[in-house]
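Once you scroll down, you'll see the structures, which are given as structure tokens.
Shared between the two complexes below is chain A, which pairs with chain B and chain C, respectively.
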Partner chain A sequence: MIRVNNLTKRFDDVSVLRDISLSVEPGEFIALLGPSGSGKTTLLRIIAGLEFQDEGEVLVDGRDVSGLSVRDRQVGFVFQHYALFRHMTVAQNVGFGLSVRKRNRPPKREIEARAQELLRLVQLDGLGKRYPSQLSGGQRQRVALARALAIEPKLLLLDEPFGALDAKVRKDLRRWLRDLHRQMGLTSIFVTHDQEEALELADRVVVMDHGVIEQIGTPEEIYMEPATPFVSHFVGETNHLPDGLHVRPHDLRIVEEGGEAVLVDNVFRKGGVWRVEGVLSGTGEIVEIDLDAGSPAPQPGATIRVQPLRSKSFGG
Partner chain B sequence: MTSLSLSRGRWRQPSVLPGFGLTFGVSVIWLSLIVLIPLATIFLRSAGMGWSDFVAAGFSDRALAAYRLSFGTAAAAGLVNVVFGLLIAWVLVRYSFPGKRVIGALVDLPFALPTAVAGIALTTIYAPSGWIGQFLDPLGVKVAFTPLGITIALIFIGLPFVVRSVEPVLADMGLEVEEAAATLGAGRAQTFFRIILPSILPALITGFAMAFARGVGEYGSVIFISGNMPGKTEIAPLLIVTQLEQYAYDGATAIATVMLVVSFAILLLLNGYQTLRRRRMGA
Partner chain C sequence: MSIHRSTTERRATRILLILVALAFLAFFLLLPLIAVFGEALKQGIGGFANAVTDPDAQSAIRLTLMVAAISVPLNMVFGVAASWAISKYDFKGKSLLVTLIDLPFSVSPVVSGLIFVLLFGAQGYLGPWLADHGIRVIFAVPGILLATIFITFPFVARELIPLMQEQGRADEEAALSLGASGWQTFWRVTLPNIRWGLLYGVLLCNARAMGEFGAVSVVSGHIRGETNTMPLHVEILYNEYNFVGAFAVASLLALLALVTLVAKSVLEWRFDLHSGAKH
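On to the complex of A and B.
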């Protein structure tokens, strides 16, 4: 089990992390979600031992690892840009962690066999003799993962693992990573700024902003019960209705009487729904509404009235 | 037509910029005017000498000693520069400290300084009564007027080549691969010898090759510190000048030809290794 207690980090007097506390249960898949610059990478690096906190502690199975160097922590770290060793073959990259062991280093044969095994696991069998420059982005990503798994880490940390990949590869790799995590019984933390990714993959999501944890919860909780206006905004789409009401586009419906008047700007198909874009007559705020694709779509220029089915209030 | 366009396709990389023919043509003409034709005249002249005359002048005992000295000291100086040039490049890339710009400029100074000035300065310092020489002399270490002195002059001349070729590669490599090695359990030495050194090896070899080539041909800074004793501390370029001064043009040409061939072979070898390595890595 990993526990982070009241972590603080400053770079040149600028607070990057403030009073961060969280715990990770064995087998959990945790997402650190937040906009760029919110301190996700820094937190991940401190947990790995690549960076050191100013205050607070990191406990692994109850033991403070703050004094332990990165090489002794046995965490797998997958870097945002993979950081593969360009002068080594794929198999040598994967075997590196075993080949630098000081104590009980396996014989060369065994390292090679283990590398092959891991490459099969990440579906790259047969590519062991290639060099990283001869692989696609998605393949490099999986080499980086296999390399990190070779040391049998207690904890797997991934920094924006899909950040540099195109949409299709991303989607495939996501699901595959989720399966691998379950299959191998890993404990993993991954960083992302993509809320969809976090909600789809993680057991629990840690939402961060400006070095502070805004909310920790299951994807369901984060989406349905956002704890702060920031979370409601950052996770999923949100409309601002008067009186501090935050409403999801699919939680609005058209009514004959009452509700709020909306001047329709634009209507288009978005997947299985009509997406209506308009302006609140009262406040001038932009509103987005999702309507059942089976229902008639309002015309641009028309004025409709909408009412929330469900909303979250954050005060005036 | 088809075969022509095919063979053209193999030679040129497709590019958004037109003008392969023009740029390639200018390059060839330029290289010919500046490098090839002057060098060719040396070969032509030595070809007119007759074989036995050529061997007599180009492979005399005095000439052989001069080659050994020139190539030996240039190689030694190149190797020393590989070690210390890497160290300096490392410091310049990895650390920021006051005066960093000054150090950066200092590295390039051997490029700018008239080499004779460097030679005179080094001789003054390393002569038995000089600043540094007075401490080395009692230890029995003689620098001025020995091969060691020549090597030191060549180290001075060659340093910028190694620093400047390694620096961008080190900067480009960044910290992440080192951190990756550390997370995988590698210690400092393992990270240096298995990750950093192989990554910058091509740049080191390029730096060595340039420093070495420069050292082999260096004249100005060496003649003051070397003492110029035939067969002992007489470098090959000096031997050529000596021959010229005695109007022994054939002799000078023969020695120049031998130096050219050997230098070219060594540079070709180093370049060939680089190409092989690049091709293997598919980059």
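On to the complex of A and C.
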């Protein structure tokens, strides 16, 4: 089990992490979600031992590892741009962790066999003799993963694992990573700025902003019960109604009387729903409404009245 | 019509520019090179052989090789260490270090030589102490070594700092996270990543170490058979109107320059071909 207690980190007197606490249970898949610059990478690097905190502690199975370097923490780290060793073959990259062992280094043959095995696991069998420059982005990313898994890490840390990939590959790889995590019984933390990715993959999501944790919860909790206006805004789409009411587009319905008047600007099909864009007559705020695609769509220029089915109040 | 004219005009300009460049190169590089080899061989192979096997010439060649053999490896180690520190770590005074590394490039070599005379010469700050202990630095081999090391230390570092900064720290961090020691990380990850740049820097460093005149001239004392390096020996022979001897030794230095140039071109070609690729 990993525990982070009251972590603080400054770079040149600029606070990058403030009073960060969280715990990760064995087997969990955790997402660190937040906008760029919110401190996700720094937190991940401190947990790995690549960076050191100014205050607070990192506990692994109850033991304070704050004094241990990355070398002694036995974590698998997948770097944002993979950091593959360009002068080594794919198989040598994967076998690197075993080949630098000082104690119980397996014989060469065994390291090679293990690398083959891992490459099969990440579905790259047969590519062991290639060099990283001869692989596609998605393949490199899987080599980086296999290389990290070779040392049988207690904890797998991934920094924007899908960040550099195109949309289609991203989606395939996402699902695949989730299955791999389950199948191998890993404990993993990954960083992302993509809320969809976090909600789809993670058991629990840690939402960060400006070096502070805004909320920790299951994807369900984060989406349905945002703890702060920031979370409500950052995760999923949110409309601001008067009196500090935050409402999701699909939680608004058209009513005959009461509710709020909305002047319709634009209506289009978005997947299985009608997406209605308009402005609130009262405040001029932009509003987005999702309506069942089976119902008739309102016309642009019309004024409709909407009422929240469900909402979250953050005070006026 | 006008289009046609403008393209022929452009072609004419291009040819003219290329001719000017070639003429310039021929006049300033090729001609001197031919002159050097021509003069060296004026009395045939025999004269050339006599000149380079002359005991004083032999001694100058040996001294030059020795100076290079000591200063180049030292500067290689220094260059790698400095570039490593500058590109992989943050510390106070980093920009000062970068500026200091460039110092030998911005100071006249003669002034560099004089600094060593000022420090270690008979009238220098450390002169009396050195004399008491029977150590000679100025007008002796140690002075030549010091001056050469000083003059050539930027070459390797200048080559490696931008390269290592561009490569970043992620590869090293990955190696450490996989359990490698600092030493293993250096030999198995950092060094292979910089090897071509390092070789290139070493070549340039070596060429300069063998060819340096100004700083070495100040500290050497020009003692024949003892403290004369090849460039100094060339000057002495020339001043004695021994042109064949002077040019014979000079042609060896020119040969070194040519070999360096070819090696450098080969390296650049390999760099481009495989940048980020397997070698």
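FYI, the second predicted complex is superposed on the first by the 316 of 316 C-alpha atoms of A that agree within 3 Å, B and C clash if a C-alpha of one lies under 4 Å from a C-alpha of the other, contacts with A are read in each partner's own complex, and residues count from 1 in each chain.
Just so it is clear, a contact is a pair of C-beta atoms (placed from the backbone, for glycine too) under 8 Å apart; a residue touches a chain by one contact, two chains touch by 3 or more.
Computed from a predicted model, the values in this text were never measured in an experiment.
In the three-chain model built by superposing on chain A, chain B clashes with chain C.
Contacts of A:Phe85 after superposition: both chain B and chain C are touched. By the touch criterion stated above, A:Leu309 is placed in contact with neither chain B nor chain C. Of the two partner chains placed by the overlay, neither chain B nor chain C lies in contact with A:Ile286. In the three-chain model built by superposing on chain A, chain C overlaps with chain B at stretch 97-105, while the rest of 7-15, 43-51 or 97-105 show no clash. In the superposition on chain A, the residues of chain A contacting both chain B and chain C are 48, 50, 69-71, 74-77, 79, 81, 83-87, 96-97, 100-102, 131, 133, 147-148, 150-151.
On the side of chain C, the complex with chain A involves touching residues 170-171, 173-181, 184, 188-189, 192-193, 276-279. If you check the complex, the residues on chain A that touch chain B are 48, 50, 69-71, 73-77, 79, 81, 83-88, 96-97, 100-102, 130-131, 133-134, 147-148, 150-151. Residues 48-50, 69-71, 74-77, 79, 81, 83-87, 96-97, 100-102, 131, 133, 147-148, 150-151 of chain A are the ones touching chain C in the complex. Chain B contributes residues 176-177, 179-187, 190, 194-195, 198-199, 201, 280-283 to its touches with chain A in the complex.
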